[in-house]
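The same chain A turns up in both complexes below, where it pairs with chain B and then with chain C.
And now, the complex of A and B:
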């Protein structure tokens, strides 16, 4: 893409999210969402083939519908309260409609059908922006309206998302679809936390963004999009197999790694509020997620497929691909669990 | 004349049915033009004369013209009219039936209160105890868009510019 146009479009994506996060007028929030959606379409369409055009169309249709639901919620709030301020509590009807709009934007079940298909049709770098940056704006709106969210609605969305994210990813070999279902499941955990402690939802969002960025940058490093090509990593960059192992297990939520921190905090907040069945169900569904991450690590790091001896080591050339911040990201995505006592500062 | 806003809003919805039943875009444009004109009438019934004329001038005279030219460039060999395809005709008929049922419901049973009250919506002109008598909030609103609403002007101007850049990028192809 022309660099000048790319700068303008990237700036608008960032500006749209910032406007959503910092506006005190609901109309500006809606404008921010529209700017964000409009500007990310050419980023999703880096390659001009019918597959990516179909993915962009699906993304555009669902996000536009969600923006219209948001506008409906804003109008209902305006009619019932007479003002446009985001600082005041939302009218209950407006809150339900706005929660549904944000659920469509995030890809929560039952509005999750676009996430795997859009993630599969676009480049890995576009998928990175889709799964990380695009979650910031809707989560900030959910955070702002969290005092007035209908608990039944959001916990239903959350349970469905965790279940769909677990079961949907089981039969996948394409890495982008696996990351999409991982995103759905993590969004389910975040919205469950939003009900009881919005701060833990933000913690989960932060850790999830770090983990997903790490995983996708590692995939981008070798341009792998299938499990099969990921299983050749031992031949191309052997050091990466360890990093993929650690990051994927962290994404699954295993204890000494970072990914355990948000799950632990969320379960703690839920049980503090006398919810036992919900976290039990969510943890059991998270085992499904862990299973397909384990399958990836099994084929990548823990086993090597049989090959002839002259293929055992590739000629190690200088790498051309720039992997942005990969070492700090790997450290952040595996080693921040000992920092968990610092959460006491949030009280 | 009491019910003029109600009649105009019914015509507004019927105009929307004209394009949301998905004929070819050229024919959908007819629905947009009708709805635009009727919307202007609705806005004018609340003393919004300036904004109503803005609808005609900018929306119909600017945006619809551009839309008409672009759909004329993208014509297909066998365009869909409302009666050519059973799906389109079915959508139109279902929408019309739903609208008629709603009109009957509002006029008969509920006396004008569906979701919100339509009876006491007020006007834009405020006969207030100001220094100079009447305040036309509509004109004041448009002018304050450039003073208090400077940030909104910047954001919407930037969005329109980025919209054109995005459309150029997408349609550029390989």
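And now, the complex of A and C:
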């Protein structure tokens, strides 16, 4: 794509999210969301084939619906409270509708159907932006309205998302769909934390963004989108094999890697509030997540997956892909756990 | 007094000497069986001395010889109780054994292991004596187990025959079940009364004796072939006829009843146990009498007859008349042993033919055996003033006049008439009519070894009842007055049985044999008891345990419950969730439904 257009579009995406995060007028929030959505459509459509068209269309439809629901919530709030400020507590009905709108934007269950299909239909780099940057804006809104969110609703959404994320990912071999279901599950964890301690939800979001970025950048390095091609990594970039192992296990929430930190914090917050059954369920479902990550590591790093003989001697030209920021990302995504006492600063 | 104890111990010693002689190879002459028989006859005569002294003086005696051990506060000694029961039983048993040994000199004449046979018989006799004279339960248990073991060895005498081995095992198994009861009683006595001596048990007179008496009843059921543990007795006829005569008619099978009689001070205070004994005995006597009606093996008929008489003895103990039961034991020994010996004579003469359908017309060829058989059968049915009358008629009168269970009484009366029926059947088929056996057999009964014992027991069957009942010390008051119809009941039902059986046999003599009716099948298959209990029960048990072990435990609990169910559940759920149709209208539908439901649920409920 024309680099100038690309820059403008990217900036619009960023601007839209920033507007959402920093505005104090509900209308500006809605404008930000619309800007964001419209600007990201061309990014999703980097390749012109029917598959990506379909993915874009689905994304557009669901996000537009969500924005409409957001507008509905804002209007209800306006009618009931007579003001547009985001600092004031929301009216309960408006809060319900807005939560549902944000859930649609995030891809929480039962609004999760678009996430795997959209993720599968687009390029890896677009998927990266979809799964990481696009989560910032809705999460910030949820963070802002978190005092007035109906607990029943959000916990239901959270439980369903964790379950769907776990079970859905079991049946996949396409890496983009796996990352999509992983995002659904992580969103579930975040919304569960939102109820009791929004700070931990933000922590989870941060760590999740780091992890997903690392993983998707590693996939982009090898241009792999299936488990099968991922299993040839040992031949192409052997160093990356170890990195993939560590990152995927960290995504699964295995101590002593970074991915364990948000899970630990969330469980602690939940149990501090005498909530035992929910974290138990969530942890057990997270085991399913860990299982399909481990399946990936099994085929990639831990064993030499069966392949034809000419796959075992890949020759390649000098790589020209720039691996943006990969080493620090890998470090961040695996070794952050000892920094957890710093969280005391958040109290 | 000294003569009492010394002659008593001499009797036991005389019995032990031949066993020792064969163990240490002291006796070197050829005629070991004859030697054993002579020793047993000497023992019989020696045992008459203490019996007569006892009858004259009326004094019991307990000989406590050797202190074996003391377990905390319980003292175990070798002690003999010489009282009414043991003193009168010993000469009777020794007399019958003497006769049987002389008979088996003729019967087992051609057996190469005849020495061992006599040794086994003698060992059986010794253990029976130990059982009868035991003063503590431990010694009684030794005798109990001893007679069980010897019964096993003797039933399986012809061990080449598979049926004999099965029958011997069956006897052991059923006896073992009864032994559990005896052990339970011994344990109870040990716990609650701290003793196994009979004197102390009767002195302490415990009140809550249900458990030990039930244990003793179970032991008697096993040993004396009461209903429930009875199939071993007809199967035990696989052994040689002397064995059947000695063990399974006179001595061993009465051990169970003897045990109950020994404990009469306890049973006379426990109404529950008495009722149980009464009903059990009534059922036994009628059931085995029914089974005896359609048997074709002469020994089996006599075996069922024994079983029926044992039931009668149990009934007598059940109406709290232990001394009458004991009298019946003693008189029954005479004629039952003689009946078995007559059967043995018939079987041997017809060269080992035991089926009554293949006998007939023997009263001309075996006159003496015929006489003995008929006299024995008459004594068995309680013909007035023969042996059986003195005990059996008294029993029937006691039942009629006691305040007891009328149903048990009726069963006993029916069984009494059936006794006459199957006795008539034996006589009719074996002795009367035309011969149905092959004609080239030489039949004679000239051998004195055969004639003399039967003669002795014949005299005993006729006179022993009179002699014994007139000489023993009266322990209970017999019922003197009763209405005429009650006094006539025994005679009447017996006569009825005789007449009906004879009429039926004569009337149906030339009729064609139709396929058996259901009642015939019931009787021939022994009430279906062996079929169900020997085959069905173990099969069901093993099937159930196989199902539990392999199906339930292995397959379900260990495999299916957690591992397989979890894995199938996860697989199904993941397939369900990750297969999406991809139609956006469905997704919007889900959005709509969720929205509507949420708003409804959270706002208006």
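Assume the second predicted complex is superposed on the first by the 335 of 347 C-alpha atoms of A that agree within 3 Å, B and C clash if a C-alpha of one lies under 4 Å from a C-alpha of the other, contacts with A are read in each partner's own complex, and residues count from 1 in each chain.
One rule holds in what follows: a residue touches a chain if its C-beta (ideal position, glycine included) is under 8 Å from a C-beta of that chain, and two chains touch if they have at least 3 such contacts.
This one's a predicted model, so the numbers in the text were calculated from it and none came from an experiment.
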Legend entry - Which partner, chain B or chain C, touches more chain A residues: C
Inset, instruction - Examine A:100 and indicate which partner it touches, taking first as chain B and second as chain C; both and neither are also allowed. - result: second
Inset, instruction - Check whether A:1 is in contact with chain B, with chain C, with both or with neither, and answer first, second, both or neither. - result: first
Inset, instruction - In the overlay, answer first, second, both or neither for which of chain B and chain C A:114 touches. - result: second
Inset, instruction - Considering only touches as defined above, state whether A:213 meets chain B (first), chain C (second), both or neither. - result: neither
Legend entry - chain A residues contacted in one complex by chain B, in the other by chain C: none
Legend entry - In the complex with chain A, residue positions of chain B that touch it: 116, 151-152, 155-156, 158-159, 162-163, 165-166, 168-170, 173-174
Legend entry - Touching residues on chain A, where the partner in the complex is chain B: 1-2, 5, 8-9, 12, 15, 19, 27-28, 31, 34-35, 38-39, 41-42, 45, 48, 56, 79
Inset, instruction - Please name which positions on chain A make contact with chain C in the complex. - result: 57-58, 61-62, 65, 69, 92-93, 96-97, 100, 104, 110-111, 113-114, 116-117, 150, 152-153, 164, 167-172, 181, 288
Inset, instruction - Could you please specify the touching residues of chain C with respect to chain A in the complex? - result: 570-571, 573-580, 582, 584, 586-588, 590-591, 594-595, 598-599, 602-603
